[in-house]
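To start, the structure itself, in structure tokens.
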Amino acid sequence: MPERTLITGNEAAAEGAIAGGCRYFFGYPITPQNKIPEYMSEHLPEIGGVYLQAESEVAAINMLYGASATGAWAMTTSSSPGISLMQEGLSFMIGAELPCVVINMVRGGPGLGNIAPAQSDYWLATRGAGHGDGRCLTFAPFSVQEIYDLTGEAFPIAQKYRNPVMILADAILASMREPCALRERREPPEEKPPWAIGRGRESRERNIINSLWIDPLAMEAVNLRVQQRYEEAAKNETRWTEHGADTPEILVCAYGISARICQTAVERATEAGVPTRLIRPISLFPFPSQVIRDWAERVKKVLVVELSLGQFVEDVRLAIEGACPVEIMGRAGGVMMTPEEVTERIVGLARG
Amino acid sequence: MPERTLITGNEAAAEGAIAGGCRYFFGYPITPQNKIPEYMSEHLPEIGGVYLQAESEVAAINMLYGASATGAWAMTTSSSPGISLMQEGLSFMIGAELPCVVINMVRGGPGLGNIAPAQSDYWLATRGAGHGDGRCLTFAPFSVQEIYDLTGEAFPIAQKYRNPVMILADAILASMREPCALRERREPPEEKPPWAIGRGRESRERNIINSLWIDPLAMEAVNLRVQQRYEEAAKNETRWTEHGADTPEILVCAYGISARICQTAVERATEAGVPTRLIRPISLFPFPSQVIRDWAERVKKVLVVELSLGQFVEDVRLAIEGACPVEIMGRAGGVMMTPEEVTERIVGLARG
Amino acid sequence: MPERTLITGNEAAAEGAIAGGCRYFFGYPITPQNKIPEYMSEHLPEIGGVYLQAESEVAAINMLYGASATGAWAMTTSSSPGISLMQEGLSFMIGAELPCVVINMVRGGPGLGNIAPAQSDYWLATRGAGHGDGRCLTFAPFSVQEIYDLTGEAFPIAQKYRNPVMILADAILASMREPCALRERREPPEEKPPWAIGRGRESRERNIINSLWIDPLAMEAVNLRVQQRYEEAAKNETRWTEHGADTPEILVCAYGISARICQTAVERATEAGVPTRLIRPISLFPFPSQVIRDWAERVKKVLVVELSLGQFVEDVRLAIEGACPVEIMGRAGGVMMTPEEVTERIVGLARG
Amino acid sequence: MPERTLITGNEAAAEGAIAGGCRYFFGYPITPQNKIPEYMSEHLPEIGGVYLQAESEVAAINMLYGASATGAWAMTTSSSPGISLMQEGLSFMIGAELPCVVINMVRGGPGLGNIAPAQSDYWLATRGAGHGDGRCLTFAPFSVQEIYDLTGEAFPIAQKYRNPVMILADAILASMREPCALRERREPPEEKPPWAIGRGRESRERNIINSLWIDPLAMEAVNLRVQQRYEEAAKNETRWTEHGADTPEILVCAYGISARICQTAVERATEAGVPTRLIRPISLFPFPSQVIRDWAERVKKVLVVELSLGQFVEDVRLAIEGACPVEIMGRAGGVMMTPEEVTERIVGLARG
């Protein structure tokens, strides 16, 4: 068993990326994720990688576009407003069928907002990636270890599906310090993918990376390829965890930092006589609809807990399709609910 | 009855805006909506308005932010990639509780895509507005007259709810020429709203326009105010039309340009012995969920027709919640379905 | 005689511009000239003019380029680093034979420097205007009244010679408050110059504004036209004042704020038994070479006083061509010499 | 004796830079110097150097500022309009006492101009470096070999005087192909200069790189240091060549590409009975004033030949100070004089 080191979520994201094969980083500073670029600026050059601070988030995502086109394993990280600025670039990368990894350490919004934890970029992550029919494959870690693991895995996943992968965490996970088992750093594959364009004067067949398809049928073909990859991803990459009572009365759905609060709440509610089960989606797109649906048919009610005002709940309701009542407990702007409040709500639901 | 003029959708958008009180326009050119800025650049100065071509879409939306803060009635227009670039700015305006009007003449995507018609920015419009819990109030016209009318109405609606309003159309509606009844141009109200900041040395009480709220509870209060306005809007601004058989077997849901195709298809299917009804949402957010739900309970199946690959259908499914089966007929990248194809699908569904 | 008002140099520059016919202002803030844009932002809109804050000095000069091409009477103002950023744009305007007015309230340099008075942009003004053989017609006021007058006159001069005109002052003149006689505001001529391009849909013959001439002979023809205008300007616009002893032993040359110090010094030196004369060039390009040469042949020595380290002195030496010894007294970085120091130096020279 | 390779001026500049120790290149493309960045993009990474294409010339010079502050040996290259855009950055580097190397392959101007050879950036090079009292040390090669040699030498010279060094050539020299003896590539010194700031977490004493000095006396001290270095450079770095008759009647002064034409003309005029001597300054700042003055006192007339309309001639006249008549033969906009025309002019001068 590997040794475990005490590090923050930001450090886990940075080191996880390097361990996973990331060798190019482009970004622009924003709290609460500045430790990631700082870490990358120190450690990437040590291993022959490239760290480049862009002049804006718009620039950063377009640098990612260029680097990824050459087959480089590249990442950018930001927080909510910075991710909004990357929407056009993400759409370009999806249209060009290019992989990349983007981390969003969500802060309270909208606008400048604040630097408190939030989950209000759920749609931006799962329905976002700008205009057109593309989406980001989205994973939501809930611990420092999971940030490390998922960020590392994100690179080969992005390559496999030739699509941006977003890691969606928040301001608390970014700065939280926990023990984390580190793997050996993996080098990205020597051989470039067949679609990559050459760098400099490398002699290879000419590839073209492009998101412009004047002919609608050609453009539709790209879209259908993209959607097919999403279906494949739904088969291979759907992830979740379950926790709590085996014959629950109440099903709680929560992801990321909210799910940590709900773990406690679910235990307490069960102890208090309301058997409760927690489903925590790890992949938000693809979404673990089936398991939620299955459990929803066996419980009295579903409670969705999110640090936003009705975003995540839509995916739950789409999964359940009225099979049982769904209620939402949401906070906004950086406010968090306590385990007590969630417990109370669960118990109330059971009795209501 | 006012005379009717033969104009394009772009001209209707521009003249509709002026008639509705728009006096400030900021934008950056992109096909298929360039006739709007061209029209504004010619006609706004004639009536003392301001037309300013920005150096980018990021700049345009931030100019809108500034103008709107002073109480000006302002608009920008673009097409898909340009709207992606405005996501941060829209979030800032929502956080600052500022009105504005944005027109998106959607083109094929993702990425550069093409300049053919598409509806693949449905999420960008209804779930978009960048990070945080804000959304754009969204209206989807399906004729030149409706572009004219809705764009004009969008200005007082934006002011009333202190929120961006998006008019979502597409490349065909933008260039289609139809007769349109023009109203007299309305001046924006002389009196500035109480929240507006002064321009220059105007003497008035000091207001602060801001989207930064370090205290999460203060930030949450803004969010709750914003959500409350959305609920109000759901009561007052939900719009749709219905068309076709009164005792339908099949319910078709479509909006915008797709709904024009479906009108014909619904008639033909009914004639072919499959009574069919079309519900066309005009407001996409707020969404006419109740009426869709009501009809869904009375039909055999629901067919959702959209020029995208599964976006609009989610709102329909959220409305119906499993009350009856929902199928989707979608095309991507600028490809359109024909009335014949839709008719055939309806008939197939009825028999299937 | 008009009434005199107590205003600062910055206000005199702004009001002088408006009185001279300026109706378009583009600029970016920098100390010590921020009162000019502030004044323009308040007063230009009152008279139907346009004030626009650019996103940078590079943007500002290019907005001037565009506005001037339509025949608009336009100005920008800045201080040293901002003027450096405008060098490319100025060269473009000269190549396109376009008029404009630029005010440089010089601050201590190089680099960020400080906000103290300096004259170290002499070359930037007289040899500057970027690459190619073009130059700015340059005028150097030495009082608030002269700032007002010269800025006003700069507009028709710029139009006459189709060339940028620079007003070169400094941080002290910018903030100094003096009585100033204001004229009535003059409207710019209604009729556009024959070379101007139309604005919007104005019907007029098509003009092309351009600084690209692939054929070297065509490009040389532009240059010869430009030089011919400089020769004309040398005949019509060369300006200076003289002060002091009629049969001087020492000739002092100084311009702008330095000349104010030298006026006192010249009087004191004369009183102290060293008859001294001051020539103060008002136009720096064209330069009053002949009068300086004439006096130089009649004196023992020439003293050049400048708030820079050997810039202005070159024009004096080019005028004198060795006819008598020339010495320089220069300070740098915002430091000023006192009248006493100059007097002492004059007396020393006479005795030396 | 090293072997000689047939290369263009652009390649000589690039390889000369690498041989001289350049390891960082930042630039933005512009004809006629694009082969330099292309060469650097290919060869710098091979030896562990950094090639970065900036988003504009303003960005490029500021990247140079940052790199140089860390002690890196860095270069940018451009052509006339691009150099104009760098004026602010050059002034910042001079104010911060930072070395760098800038190559200007001058093209016809002003404005966009054309891509023909010109020398009309003489002032921009020798009086330029933006606002404040700073200047670029300037060298003007006249052959491919000299481009190679001077570019290589420019790096240690820039370091020695902590000042930008400009290599001033033109469109013909840039693309001309000549044999060139290449030296071995020299590594830049391992030890960073004592004033350099650390890169990343390097442990060293804290240095501050800054061009902001609010106290005018402190700012003047910087200026005096800078001027003192220029005086040192005048002693050590003044360079020129002489060619032609030992007891000349006519002295010709020309630099760079013009001097090549004049070499032939000087020989022909001497053969035609008018003994003529050519002085070709290699360093333009510092300028070889003394040698020009010395010869001027022994000839009948001086002819200045330049591809501009009266720039270089001023330095000649400042050197000669009326010791003999000076005439100028200049062309503009990319037009070149022929050896025949210069010969004719020399003979005419002698007889006139």
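Letters are used for the chains, namely A, B, C and D, taken in the order the chains are written, and counting of residues starts over at 1 for each.
Simple rule for what comes next: a residue touches a chain if its C-beta (ideal position, glycine included) is under 8 Å from a C-beta of that chain, and two chains touch if they have at least 3 such contacts.
Since the model is a prediction, treat every value here as computed from it, not as a measurement.
Give me the set of chains touching subunit B intersected with the set touching subunit C.
Common neighbours, subunit B/subunit C: none found.
Name the chain whose C-alpha centroid is farthest from the C-alpha centroid of subunit B.
D
If you average the Cα atoms of subunit C and of subunit D to get two centres, how far apart are those centres in Å?
Computed from C-alpha means, the inter-chain centre distance equals 29 Å.
If you average the Cα atoms of subunit A and of subunit D to get two centres, how far apart are those centres in Å?
So the centre of subunit A lies 53 Å away from the centre of subunit D.
Just how far, in Å, is the C-alpha centre of subunit D from the one of subunit B?
58
Which residues of subunit D are in contact with two or more other chains?
None at all.
Based on which chains touch which, is the overall arrangement a line, ring, star, complete graph, or other?
ring
Show me the residue ranges of subunit A that touch subunit B in the complex, using the header's touch definition.
58, 80-85, 87-88, 91-96, 106, 108-116, 118, 120-121, 123-124, 127-134, 210-224, 226-227, 308-311, 314, 317-318, 321-323, 331-335
Mind pulling up the subunit B residues that touch subunit C in the complex?
So the residues of subunit B in touch with subunit C come to 41-42, 45, 52, 55, 59, 200-201.
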